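Residue numbering begins at 1 within each chain, and the chains themselves are lettered A, B, C and D in the order written.
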Amino acid sequence: MPSRKLMSMPDAVAAFIPDGASVALGLALESLIPFAAGHEIIRQRKQGLTLIGPISDILFDQLIGAGCVSRVIAAWVGNVSAGLAHNYRRALEGDKPSLVVEDHSNFSIALALRAGAMGVPYLPTRSLLGSDLLRSNPHFRIIHDDGVPLVRVPALAPAVAIVHTQRADDQGGAHCWGNLGISEDAALAARQVIVIAEEIVPSSVIRSDPNRVLLPAFKVCAVVHEPGGAHPSPVQGHYGRDHAMYHDYHQASRTAEGFARWQSEWIDSVSGRQAYLSRLGAGRWADLSRPATRTPRLAAAVDYGY
Amino acid sequence: MPSRKLMSMPDAVAAFIPDGASVALGLALESLIPFAAGHEIIRQRKQGLTLIGPISDILFDQLIGAGCVSRVIAAWVGNVSAGLAHNYRRALEGDKPSLVVEDHSNFSIALALRAGAMGVPYLPTRSLLGSDLLRSNPHFRIIHDDGVPLVRVPALAPAVAIVHTQRADDQGGAHCWGNLGISEDAALAARQVIVIAEEIVPSSVIRSDPNRVLLPAFKVCAVVHEPGGAHPSPVQGHYGRDHAMYHDYHQASRTAEGFARWQSEWIDSVSGRQAYLSRLGAGRWADLSRPATRTPRLAAAVDYGY
Amino acid sequence: MVTSVGYTAQELMVAAAAREIHDGEVVFVGMRLPLIAFALAKRTHAPNAVGLFENGIVRDEPSRELLYTMGDPPNVVGAEWCTSLSNIMCLLAQGAVALGFIGGAQVDRFGNLNTSYIGDPCAPTTKLPGSGGATDIASLSHRHIIIMEHERRRLVERVDYITSPGFGDGGDWRARVGLPRGGPAALITTLSVIRFDPQTKEAYLDSCHPHSSVEEARAHTGWDLKVAPTVHMTAPPTEAELQVIRAIDPQGFWTHV
Amino acid sequence: MVTSVGYTAQELMVAAAAREIHDGEVVFVGMRLPLIAFALAKRTHAPNAVGLFENGIVRDEPSRELLYTMGDPPNVVGAEWCTSLSNIMCLLAQGAVALGFIGGAQVDRFGNLNTSYIGDPCAPTTKLPGSGGATDIASLSHRHIIIMEHERRRLVERVDYITSPGFGDGGDWRARVGLPRGGPAALITTLSVIRFDPQTKEAYLDSCHPHSSVEEARAHTGWDLKVAPTVHMTAPPTEAELQVIRAIDPQGFWTHV
């Protein structure tokens, strides 16, 4: 059957990320971050988004700086190897914050999404007890179970989750590997999922290893072929992390004007990911994706035969 | 470092399954059922065990018939392709049951184990509402969350889980594939795990694909090399299901005397799994494990390199 | 048993069950007849249906070989997803599953199903295997279909034990006990198709199989079964449907009993 | 900055942190200095320690390359397990994790840690990144170690916001709020090692680093820091330890700041 799911990044963002949507992204933590999708959201000037994720390694900061975001539901927003997230700070410091933050821990955001996936109003945990997350996020509540206090973590069901993967077929079947964080919980909780893939492969490749598949294809609304789409975050088997990019961004975004220049250079003035990679430079990209020291490290063979 | 985990089935059962223990097994549902471990438990005349599992395709029935079991915490006990479980029926029918049953559904047993894994006293679900499982299993309770009724599924943390896998290293790293049911939830919830493997492989094989690993090795108390140890249940990539064995067992176990003869023939009078496979016959075993039609169906290559 | 009309009751039930699957639906398949019904629907009117198996499997094309259990290796090969039971049950719990199939030993006039205990659960005359995933399917899918033998001892006024909730004692019972959705859409028996009144939720005879009759169906039912004014004959399996069914189960393991 | 004694404060902190890891323990590693401390402990006195990373990784041998984040590809290669964050957090929640490391912007006399808001959370003067997994580690591990700069603005009488619970207001506070176990075992700063009284849970100066003094540590603490009668000098890193540290971080990315 012909695929209506395979589409360009601009089309996927236009079709499935309306203003005001709740979007889960950055779900594998520091790897597989869908930067290309985030940059397209910025180019399309989306407004009033709710961002949901565990930690965000600068992508949330970019979406906030570009004015796309009205709410952040997350455990940590910063720059993992370089420090604070400057746009995030600017949006929240002082007495007129331009952003609502719902504070979570990594475990509680995973539980919230799992509750959404499970169709229950909440999941309980003994984490967070005694912390001020219970004060600053009014959605948490202490409940008692036979006298034992537990934190009630209310369910989250994002309208869309965006996941970056190593390979996908045009129906939405996808393989990803390496550290995956809360990708599975979020993909199951989301009403729809946009799958970004380094490679588009025949369905037979995906179906040769159904245990490696991330989510059922019927949840997938769009498949986008976007090689290099997670840069500067790493993709196991494809490219390493571009540490310098995070440090350069950290310096550039210290002021609002600096961020605006960075946005202009790396987002607004490039038409898409291919142009972005060209700007990055073939040499730099080759160093990340095909370093001289790189040796393939193949997973041991697995036979599904009978 | 030398492995103290790799041991024989008799030693593993003797060391880690004391009388009265709670044992989770049959966790992948109809495949990867640890029959060899169950038969060794019977040969060692263990008493007073609590069996925990989703469904059991005749292994629970055999352990019950042999007198090893005092309690069953499960969703379904029977013979999937042939019908009822006769020993289970005999133990429960009439007014003097010799067995306590805690009724579950497949979802609720998974949730109970997940709660055990998560270190919380319970997980909530909207399944089971209106069913008589809430009456016959006194551990369930209805709780209300902002007026919404939910079933409180109390946590289960088995003393031991037994998992049959395709391959393991001598430290407890293990790969398994195919349908896995509640294997992960149970392995995480259990205090210790016995890993049975069709093959023992170098750690480098297991570590070549860490996403395929079932559980952290530090939970594993014993690794047992037992080829054919899941027969008559199937092991993806190794052997198919021996449907005839289930049907023969169904006929043989219609009476207590018939079961006693079956137990004598297939369990008590064989010293272990190799003798059991010899009794089965080389031709029958070859048909299951190397049928003429069998073609390898290899998973597509995955590169973890960088 | 093949009747004089050239097909078995099981083959007709498979055809009737397949017609309950709409194209594009996500279906909790289960074993035996529903499994064949799913394959039949996929190959006829519902090519885009997706099948879930509670052991962790999602398939959008039926296995190439007859399955004796959902865990048979052919059911994994070519699967769209092979994951945990919990993840599959999440899809059910969040309302992503349109339709599920279950079978049982006793069903009553409000579609409650018993697969656990005949008699007093504390001292049963018969201990049945239990729920498996049936309670979950009956609790959480948008609608479910019950398939069973039409016998007076099985279709009873009130089941001894509710393993899988139907409509309880009727009306808005499901909402009152907190179930989020669902209920039985049909009870497909060896003699008839029984449906449930939209308001009262009481069972009524909707159609009789060609080899049976309203009288026979009512005579083999343990309560005073209502009959639809529009009661009709269940459409028999077509030649094309029979060909597909027999290609799937050539030995008649599940369909010639 | 390398001091006249030939090692940096960070290198000493790494050595001190490594000594908190006992052989065979399951440790929630975290990034930066604790990551190097874990590798150091593995290569010296704790060869059987196991490291957990909240992004889903379990390792029993440190990555062969320096990590900038726990998600760097070298951290996956050779891992014992690569799974979900939830599964890793389950191990923490069930009490399988002996020790965790966290860092922060503010800590107080009862070991409460703030990585969220400086000032009023509704109108903060500084918005910090937040919890990440730190709240979970502080809530659920058997003990945890805090690593941070020793500055008067950071070691404060009372944190503005408890991101990661220490001992609250002391005594049996953790049990009273329902935490199942745990609490900080040590606060390792750039000047000293601070521990907590077993009864009152108040912080006290346990040892001063060779380049510092009791007076300096107290002067840079925002409350009247108690001093152990047995206060002593923190053992400096040995030559062997320094060799391992410098092999792990040859450019001094984390240890020469």
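To be clear about the criterion, a residue touches a chain if its C-beta (ideal position, glycine included) is under 8 Å from a C-beta of that chain, and two chains touch if they have at least 3 such contacts.
All of these numbers come straight from a predicted model, not from anything done at the bench.
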item: Required minimum of steps from chain C to chain D, each step between chains that touch; value: 2
item: More contacts between chains, A-D or A-C; value: A-D
item: Chain whose average C-alpha position is farthest from chain A's own; value: C
item: Approximate Å spacing (C-alpha centroids) for the pair chain B, chain D; value: 41
item: Centre-to-centre distance between chain D and chain A (centres being mean Cα positions), rounded to whole Å; value: 28
item: Chain A and chain B: spacing of chain centres that average the CA atoms, whole Å; value: 37
item: Contacts with two or more other chains, residues of chain B listed in rising order; value: 118-120, 125-126, 148, 150, 177-178, 180, 184, 211, 234, 236, 240, 297, 304-306
item: Multi-partner residues of chain C (at least 2 other chains); value: 57, 72-73, 76-77, 82-83, 93, 140, 180
item: Arrangement of touching chains [line / ring / star / complete / other]; value: other
item: Touching pairs among all chains present in the structure; value: A-B, A-C, A-D, B-C, B-D
item: Chain A contact footprint on chain B (complex, rising order); value: 118-126, 145-146, 148, 150, 152, 166, 175, 177-178, 180, 201, 205-206, 208-209, 211-212, 234, 236-237, 239-240, 291, 294-306
item: Sites on chain A touched by chain C in the complex; value: 1, 116-120, 157, 173, 184, 188-189, 207, 210-211, 213, 215-219, 304-306
item: Of all residues in chain B, those that touch chain C in their complex; value: 28-31, 54-55, 57, 74-78, 80-81, 84-85, 88-89, 92-95, 97, 103-108, 110-111, 114, 125-133, 135-136, 142, 148-150, 177-185, 233-234, 236, 240-241, 243, 297
item: Of chain D, residues touching chain B in the complex; value: 26, 47-48, 50, 57-58, 60, 73-74, 76-83, 87, 90-91, 93-96, 140, 180
item: Residue ranges of chain C touching chain B (in the complex, touch as defined); value: 31, 53-57, 68-73, 75-77, 82-86, 89, 92-93, 116-117, 121-136, 138-140, 161-165, 168, 173-174, 177-180
